[in-house]
Amino acid sequence: MATEETKAFEPKIVAFVCNWCTYTGADLAGTSRLQMSPNVRVVRLPCTGRIDPLFLIKAFERGADGVIVSGCHPADCHYTAGNYHARRRFAVFREIADMMGVDNQRMTFSWVSASEGNKWRDVVNETTERVRNLGPFTEYQSLSRD
Amino acid sequence: MKELRQIAAKLLTDGAVKVVIGWEEGPRGARAAFVTRPEDAERLIFDARCVQNLATYLSPRRRHVVGLGKAAVVAKPCDAKAIAGLIRESQVKREDVVILGVRCGGVVREPTMPASLTAETVADRCGICETREPTLYDHLIGEPQPEPPRVTRREEQIAALMQKTPQERFAFWSQQLERCIRCHACREVCPMCFCEQCVADKTRPVWIESSSHPRANFAWQMTRVMHQAGRCVDCGECERACPVGIPLNLLTRYTAQSVEKRFGHKPSDDPSIAAPIGTFRSDDSQEFIR
Amino acid sequence: MNLYQPYLMRIEEAVDETPDTRTFKLVFQDPKVAESFDFQAGQFGEYSAFGEGESTFCIASSPTRKGYIECSFKEAGKVTGALRKLGVGDTIGFRGPYGNRFPVGQMEGHDVVFIAGGIGLAPVRCAIWNVLDQREKVGDVTIVYGARSVGDLVYKRELEGWAKRSDVKLWQAVEPGGEAPDWKGEIGLVPAIVEKAAPRSADAFAVVCGPPIMIKLTLPVLEKLGFSEERVFTTLENRMKCGLGKCGRCNIGPVYVCKDGPVFSAKELKALPQEL
Amino acid sequence: MSTRILTKADLAGLVADLLSAGTRVVAPARVDNPQVAAYRPIASFDEARLDGPLPPRSPKEFFLPPTEVLLRWQKKKDGIELQEVATEHPKQVILGARPCDVAAVEILDKVMGWDYRDELWFGRREATTIVSLACRGVDKSCFCTAVGSGPDAQKGADILLVPSDGDAYLAQILTPKGQALVEAHAQRFGEASGAEAAKSFREAATRKVASNLPIEATKLSGWLADNYEHELWKRLAMRCHGCGACAAVCPTCHCFDIVDEPEGIDRGVRRRNWDTCQAGKFTVHASGHNPRGTQNERFRQRVLHKFSIYPKRFGELLCTGCGRCARACPAGMDLPEILGQIAKLAGAGVPTGGTK
């Protein structure tokens, strides 16, 4: 038991990323052997435009302590405008989440291009540290009544 | 009122419409009326107790109403905004509905209350509403109306809530949503909730659990409000319909404030103005994106 | 054990009847339950895919065959979709048997006609085997079975077996356009084939199951042939949840389909509101 | 059985005794919104509002919760392991519930107990003692007298309290369970007195409610069964949204859904959740076919179930006249009004003419 208690909190973070930019950027970070915290699980989607806020809600429901949404920089979307739509959507969603008490610090939104392996590393490390400091998202995880 | 009844009767007599959807006196105050015979137009009323948003009945999923045939609908300014929303989102064709716009000086909180407007009785939304008459109508009915008593109860509550920490807000909503029984009344009364299949009813996969535990209730309200962002006309029906008294308008109103602040968008009864979610500008603010 | 607690059953066999219809042969995990379990032709159960929910199907095997039950289902939604992913050795839940039964005992000494469409053969099959396993007790046995196409016929091996038997008259049919080049059966809709088969109706029993529209059109044909509406039986497939007469879902008119049915005579059916 | 007197002070003491003995006490109590009360567990008598507004939700949730776990499952190496849920429940006392709410519980015993006995329901039933409080009538939507009940009805209660002289209640002990509660707390109950005051309270309340809807709803079932296709139904629910708020607040609506919810990849729960015949998806088949396709048909089902189907099957109306459905309806559907219309139509068909 003693070892369990002293075990430091390791945040679980789910990253929803677009196939064309961020996923490739994350791949680059990996193949470049950049040091990154291992707390982030990547879910690849065709485009940030495909990322429904429900994905984030589901991640929190299933035990995520933080989430990342990342895609192509403005003007770089493989489908022309998916990231612009996503930008509006998440601009609003994070405020709704904030209103309902989901700390915005648990959510990172970023543009990471296919060449930005270093930026992906930074996004991952910064998010992990930020969520680590916030602690586990027990409020959400204990929402189930029984 | 006389004018309204005359126009309604004429529309029915001429066969221009098959049903006039308006308000009538019910056992518990003003309520929706479906008038199909000219002589029944006498039932129609309009006063400050006509709270309900009748645009809901134009939604194509109301098959039993659609089945009556072409409708005329009595619309306050906020109702007209909802009708514009239905037209904008291709649910209703403009030429398929006759809009009997009424000038409105605000309504009371509940249709059971007396029709006198005071700071206590006025509906929260009317306390900040600046629209006295719709611009989307076929007939405009009634005398110019005075401004309703100005109240900002809701806005103050929102501001107070936003002063708190996220943890405190989470606790607040957990407590509120503990009561939710997932009857989805908030959805069923909403004029802008017209989906043939709601995401909350999807089973493959289950995105939002149907059980009424707070986990599912959070997911439901967050999603509902998200889907209403920039579309909500602030008719207040979701909160009024909630049988367990959850202050849902705090969420919808806060979202509307955010949308206005970010995109300069206010709900309007001009169907040609695009809703802010579903469109974009390449220079939208992105201060929250790393 | 509360009412809603299912028995656990092991899938012994899984057979794909059609591209979207599957039959499971199921055995109770608990030998004591296996020993004591008994049911009657026409009864149904609630089958669970854990994590997805429960679905209602009749028991498709005959009560004369002990030690196992069979069910056949068509993939249509969340639970049937999940059940279809399961295979031999997997565990499913079962609650039952629920509901009333076909009056197999009363059929003794009489002719029996079985009429089914599509997956509707499943509950009828239960009654068919129940009767065939005591073949000497009844008069003529006629089976009329139709499906949209040859590919949609279920229990193909059993159909072959029944076709070969001299003590069974089998009429198989597919809808026009649904036939294969080597199709030797009838082409047409079930009600028409029943009319063509014209089984003897005097004191005869009929069991009908299939899509609502097929039942609706077959009953008048049987009436015309002279069948008594008290001896024509069908089984209703209302949406159900509890199977116990509590949850209210299957209620139509004065009946709870799960308790008063699922088997109804044509006479009882006529008295019900047309909410089918 | 016998009658005693219970002063407000003694009632407060009784609640304190019960709470200190670990019994859960549920009573109408304040919630955050001051206009609203709710039946909820209280931590002291001060929280209870016995004279407060009618709680929008009935106390049926203390017997049939809005969502409850039926079983838990877990994937093991060699199959599935099921974990049962307890059907025994800790003791609770429901205090100050309205007679209409309490009658509903006894009515529901029938459907929960016929043939198959629902242990989850009866587990809570057996663990609960119900102390109801005679009502003075809430508003124009009350119609308990029209369904053969009344603001002082005893049905379903173990003890009925009737306001009497001063701040005392006359306690009518109605069942052995009620008797046991009185005996266990004998020092709190005094010799019966003030019967006159209690009687006039009851009479005034009954008069008040009876004038709302002077019909006999028990006599409608014949007409309802015979007039399934009547014109009335075709236009009845035009304004109905199908939200089911009526069913949620109804003390007798008991339809439920059963769903599975995963709680991880190898485990999950099965729950039963309140459901309503007013929702389109209630009856929709897997094929997409819906036998009750429009709101008019769904509303007819609600009326028939309450006033024809249930009485035929179980011998009593599935309605206690609490009026909550009318109060909760955001669209102004009004059951007492509709019953009045039906009674008028049924007038010819009802031999005793229980309609006005």
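Labels A, B, C and D are assigned to the chains in the order they are written; within every chain, residues are numbered from 1.
Everything that follows uses one rule, which is that contacts are C-beta pairs under 8 Å (C-beta built on N, C-alpha and C of every residue); 3 or more make two chains touch, one makes a residue touch a chain.
Note that the structure is a prediction, hence the values are computed from the model and not measured.
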{"item": "Set of chains whose contacts include both chain D and chain A", "value": "B"}
{"item": "B-C against B-D, pair bridged by the larger set of C-beta contacts", "value": "B-D"}
{"item": "Inter-chain centre distance, chain B versus chain C - centres from mean C-alpha coordinates, in Å", "value": "48"}
{"item": "Separation of chain A from chain C, taking each centre as the mean of its C-alpha atoms, in whole Å", "value": "51"}
{"item": "Chain B-chain D separation of Cα centroids, rounded to whole Å", "value": "31"}
{"item": "Length of the line joining the C-alpha centres of chain C and chain D, rounded to whole Å", "value": "39"}
{"item": "Junction residues of chain B, two or more chains touched", "value": "206, 213"}
{"item": "Multi-chain contact sites of chain A, meaning residues that touch two or more partners", "value": "144-146"}
{"item": "Shared-contact residues (touching 2 or more other chains) in chain D", "value": "67, 257, 259"}
{"item": "Contacting residues of chain D [partner chain C, same complex]", "value": "70-71, 73, 75, 79-80, 82, 84-85, 87, 111-112, 114-120, 225, 228, 254-260, 262, 268, 270, 272, 275, 277, 282-287, 289, 291-292, 297, 301, 304-305, 308-309, 312-313"}
{"item": "Complex contact set, residues of chain B against chain D", "value": "26-34, 52, 56-57, 62-65, 67-68, 111, 175, 179, 181-185, 187-189, 201, 206, 209-213, 237, 240-245"}
{"item": "Residues of chain B touching chain A in the complex", "value": "161-162, 166-174, 178, 199, 207-208, 213-215, 218-219, 221-223, 225-226, 229-230, 250-251, 254-255, 258-259, 262-263, 276-282, 284-286, 288-290"}
{"item": "Of all residues in chain D, those that touch chain B in their complex", "value": "31-33, 36, 38, 56-57, 66-67, 140-141, 235, 237-239, 241-245, 247-249, 257, 259, 261, 271, 273-274, 276, 279, 281, 293-296, 326-332, 334, 336-337"}
{"item": "Touch list for chain C against partner chain B, complex", "value": "77-78, 81"}
